[in-house]
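So the structure is just underneath, and the comments pick up after that.
Going in written order, the chains are labelled A, B and C, and every chain counts its residues from 1.
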Amino acid sequence: MTTRRFIVEPRGLASVRLSLLIPLISVLAALIVGGLFLALTGENPFSVYQHMVDAAFGSSRGVSETLISATPLILTGLAAAVAFKMLVWNIGAEGQFLLGAIFSSGIAIAMGDGAPAALVIPVVIVAGGIGGALWAGIAAIPRVYLGVNEIITTLMLNFIALNLMNYLIFGSSSPWRDPEVSTFPTGRPIPDSGRFPEFFNRLDLSFIIAVALALLAWYLVGKTRWGFEVRVVGDSADTARYAGISVPKKILGVFLLSGAFAGLAGGLYVAGPVGALDPRSLDLGLGFTGIIVAALARLNPVAVIPVAILMGALNNAGPSLQSIGVPPEIVLMLQGAILIFAVGGEFFIANRIRPREKVLEELSEEVEAA
Amino acid sequence: MSLELRNIHKHFGAVRANDGITLTVETGTLHGLLGENGAGKSTLMKVLSGFHSADSGEIVLDGRPITLASPADAIAAGIGMLHQDPLVFLPFNVLDNFLLGSPGTRRLDRRAAASELQSLCDRYGFNLDPSAPARLLTVGERQQLEIVRLLWLGARVLILDEPTTGISADQRAKLFTTLRALAEEGMSVIFVSHKLEEVADLCRRVTVMTRGKVVGEAVLPTPPERLVEMMFGQAVEIQERDDVALGASHLTLERVRTADGLLSEEPISLDVKAGEVVGIAGMEGSGQDTFLRLCCGMRNPKEGTVAIAGRDLTGKHYREYLASHVKYLPAGRLEEGLIEGLTISEHFLLAGEDPGLLIDWGSAHRRSEEQIEHYGIKGRKSSTAESLSGGNQQRLLLAMLPPELTLLLMEHPTRGLDIESANWVWEQLLARRHQGTSIVFASADLDELLRYSDRILVFFSGRIIGELDAGTATVDELGLLIGGRRSAAGEVSS
Amino acid sequence: MNDSQLILTMFAAIGLGTPLIFATVGEIITERAGILNLGVQGMMLVGAVSGFWATFETGSLTLGVVVAMIAGAVFSLIHAFASITLRVSQIVSGLALTIFGTGLASFLGKAGSDPLVGEPSRETFEPLITGGIADWPVVGPLLFGHDLMVYVALVVAGAASYYLFRTRMGLSLRAVGEEPASAESAGVNVAWVRYAHVMVGGALAGLGGAYYSLALSPTWQDNPIGEAGWIAIALVILASWRPWRAIFAAYLFGAAVRIQFTLQTLGSPWSDVPSSLLAMLPFILAIVAMLALTSGKRARLLGAPAALGVPYFREER
């Protein structure tokens, strides 16, 4: 009597094979889409992609720059991964990133050049996390205690943070602004005691810290009671309540942790490769790219590391394309396409689609067996 | 318009919600569809109204097989559904609700619709103000609005899903008058309910469903005991029970009343001793779940006190009750008790009282292996909850019960289980009595209530209508009480 | 501030608000169907580049506008498919649209042997009336001195209000955004309604984008729209999901943008007001509106569709 030829059913447990395969297919599909556009505009996609691989991985300089680009993405990816896992839609990593940068650079400048690096560096790192968490708190507290939708508030806070940074550098003579440059305002350089030591070309300690934090996040979510309870709340708030878990506290905790990760990304980025609160180096959409990282890593904190390196490689390869006359924005397109395919692929990981005859056959077999 | 459903099958995952339903509704009849919650009535009606597409089977209208791919198709075929919670758009006014889905031009002709609404209201004696915001309507008025809307759309088969929930006695009387009038005009009315007395009062024929199947049909009037028996199953002979000496009070309710809804009218007092098993009987939705929630702090009483093992816990949070060794197992095993996506080991972890910061996976796995073995759960420690069969899910829930338990509150502990699993579950539960655990359980299975309880409280529309000693009570006594008729003590109503 | 500067500011505010009216009304229509589309920024940019390109190739403004709207609508289909058919997260899917659209617009502007970037538009929108009533003091320029699209925007907002509240389709649309299951049972095809209105939203966003590249800054440059797409999302809340209120919200925002420049010309102390703080205003207002009106049960007072952002699956049990 019905016309539907296929039946869509939720899979009980996502298949491990698919959850590895679908992200790979997403990347391939995005490369094909990008390739089509390249071909349409008269480029040879293969040579463009070859050029990108060379730029990102072809030299030790390329590899170190790729890892530098990946560092903040690991952390913004973690920010999105821990939040989305619990259905906390924090899309304000962008703003939390900037607040982390403002806090870290501010404290480093305030402590000045006299303080010992062994003291300044930890303080700078912690300050970044606190800045991000506080900024997330502006959206988190209304969400948890008043039920105010966090999607819009976190999104709006991004632009407030961006304008706040612009105000500190362009609109005022704040301590963050370099008093010696008057023509085009820039950020005051962070004293050397607050900068991270470099060890592989320009690659510095911040990369190691980011990787360590990803492993820590994996441990926190997978191995601790807190992380376990967080997963239970994310799966079913009702069951968590029956088990006596305080749901609001868990949501608040995750939200602030997510903000702290994004803030750390900003803090490590200013105290690492950038070296000053410089709006032109910080307003790159790294918070949003973190969402791509998290989606492609399927919210797994460890998978965030290789995915962030992939995205970092794309970011790093982009500018080099100008030398062969290809717009570097192909990178943004590829990243957007990857996200589209990755999010669409979630459907195929979560559901299975089978011809109705097959489903019915299976059902009748079950009846016979019973 | 006559309607025939032939061999309808519909499954959700492993659950067979409709398992070969065949049903005929004659033109101009009031046809009752009776069954407990979860019997598959709602699924069947959703198939009939185009919401779900059946896996297989046929719908035949006036001798012609029809295809319903969407609710729009059903409406076009003349089948109108009035949902349990009338699907009224609260931000809209009455007239806009009436207009929704109506035939006509692109522009809304509100004036013409208003006069149509008025004439339909006049015809059935409704009083609806077209400009009133829908959010101000009572549930009864929303139903009236839905009925006139469906009539305007040309419905000739009207399905009402549990329409008397939440409406006053006056409104119910009015609804019934309307339905009778509609049937006389040749409308086929399907009245879906778990309330036996209403079906008996209103309908000419009744079909009874349990567990996705039709278990009986009758022309009314028919003795209510027969219908109760169809719904609740035949009770077998009562067996000898090993008696447990009752101990101190474990649950004491004193004149407890809720602020609103069920259980707000008559205060309830109850004392359950250690080792005692109290069965809660009644038609679905008579206040049993509210009652159980009151006993574990999920709901706070407006008046009265709740004490666990002599300690007054009135108004305390659910977690305080947990700490006093009270455990509540709600009805939806998978929805509320177990978590999709979590493995058996993780469930034990969740149930454990380990306060540590880190998870000791080694001991969690060891414990889950022991428990899998001990409770005979067919699954591995890495199996997820939803991959287990119903019986094994129940076994897992039992295995997760804390070792020390003062009071165990359960809803439908064996619903959907085969007899073997159900017996096993009760074996485990009754063994707990020897350690002094008190059990209070709600059930829709007469046999289960009579066989395992020490005494049975019967709820009827938010009140305890009677209390029976399970050792001496008969199936008929219990059946009558559940149906709202007090005959046991000679207080015959009806 | 003297009179002429006030008039100049108001005049400019109307121009700057016009593309925001298109995008905001489009997003209101989409959200009224229960779909949150965070891809406005991407759809506007795609509209901006395709509209500019069409006019550049043909010299026809009409064609530019039509192409921009079609491009926006087609582009929005990605989001419609992901959120309606696949029922994946609307938030992530919308963001993907923005990221992809931003990259695509920049890429298309720069790609090829003869890139668009830096090229002036062959045609731009000019004031409809010059002289005559447009020269009347004060009201002349403010009421009659604009180009066609300014008036089209007002008509679009008015028509959208009429559509939402006075037509059968509008009624179905609002019903779908409130309670898709109920709407379905009333005979409305939920998926169709949602697809159609996501595309209407896409078309209007595309049109808004084209107004930047064909009127406000008619030389192709990377991202001619700034943050307009995000601002439109904020304005939806300030307009509390009512199209005609979007007019005021958009003009108000246009004024806030323009005032930054006006203040600079006025000298001290006016020029000391930092422009970045003014630029925060719409976002702060949107958050305040969210906090004041959507906490707890009051969300419904604001007019937010109840089913906004919730995937709908009829066969769910």
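In the analysis below, a contact is a pair of C-beta atoms (placed from the backbone, for glycine too) under 8 Å apart; a residue touches a chain by one contact, two chains touch by 3 or more.
Remember, it's a predicted structure, so these values are computed and weren't measured experimentally.
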Category of the chain touch graph - line, ring, star, complete, other: complete
Of B-C and A-C, whichever chain pair has more C-beta contact pairs: A-C
Approximate Å spacing (C-alpha centroids) for the pair chain A, chain B: 45
Euclidean distance of C-alpha centroids - chain B vs chain C, Å: 48
Whole-Å separation of chain centres (CA-atom averages), chain A against chain C: 27
Contacts with 2+ other chains: residues of chain C: 315
Chain A, residues touching no fewer than two other chains: none
Of all residues in chain B, the ones touching two or more other chains: 53
Interfacial residue positions of chain A with respect to chain B in the complex: 1-4, 9-10, 12-13, 223-226, 228, 231-232, 235-236, 238-239, 241-244, 356, 359-360, 363
Sites on chain B touched by chain C in the complex: 12, 17, 43, 49, 51-53, 70-72, 75-76, 81, 83, 87-92, 96, 99-102, 104-108, 149, 153
Touching residues on chain B, where the partner in the complex is chain A: 9, 11, 13, 16, 53-59, 65-69, 318-319, 322, 328, 330, 335-342, 346, 349-351, 354, 356-359, 361, 384, 386-387
Residues of chain C touching chain A in the complex: 36, 38, 42, 78, 81-82, 86-89, 91-93, 95-104, 106-113, 115, 222, 227, 230, 233-234, 237, 274-277, 279-280, 283-284, 286-287, 290-291, 294-296, 299, 309, 315
Chain C - residues contacting chain B, complex: 166-169, 171-172, 174-175, 178-179, 181-189, 300, 303, 314-315, 317
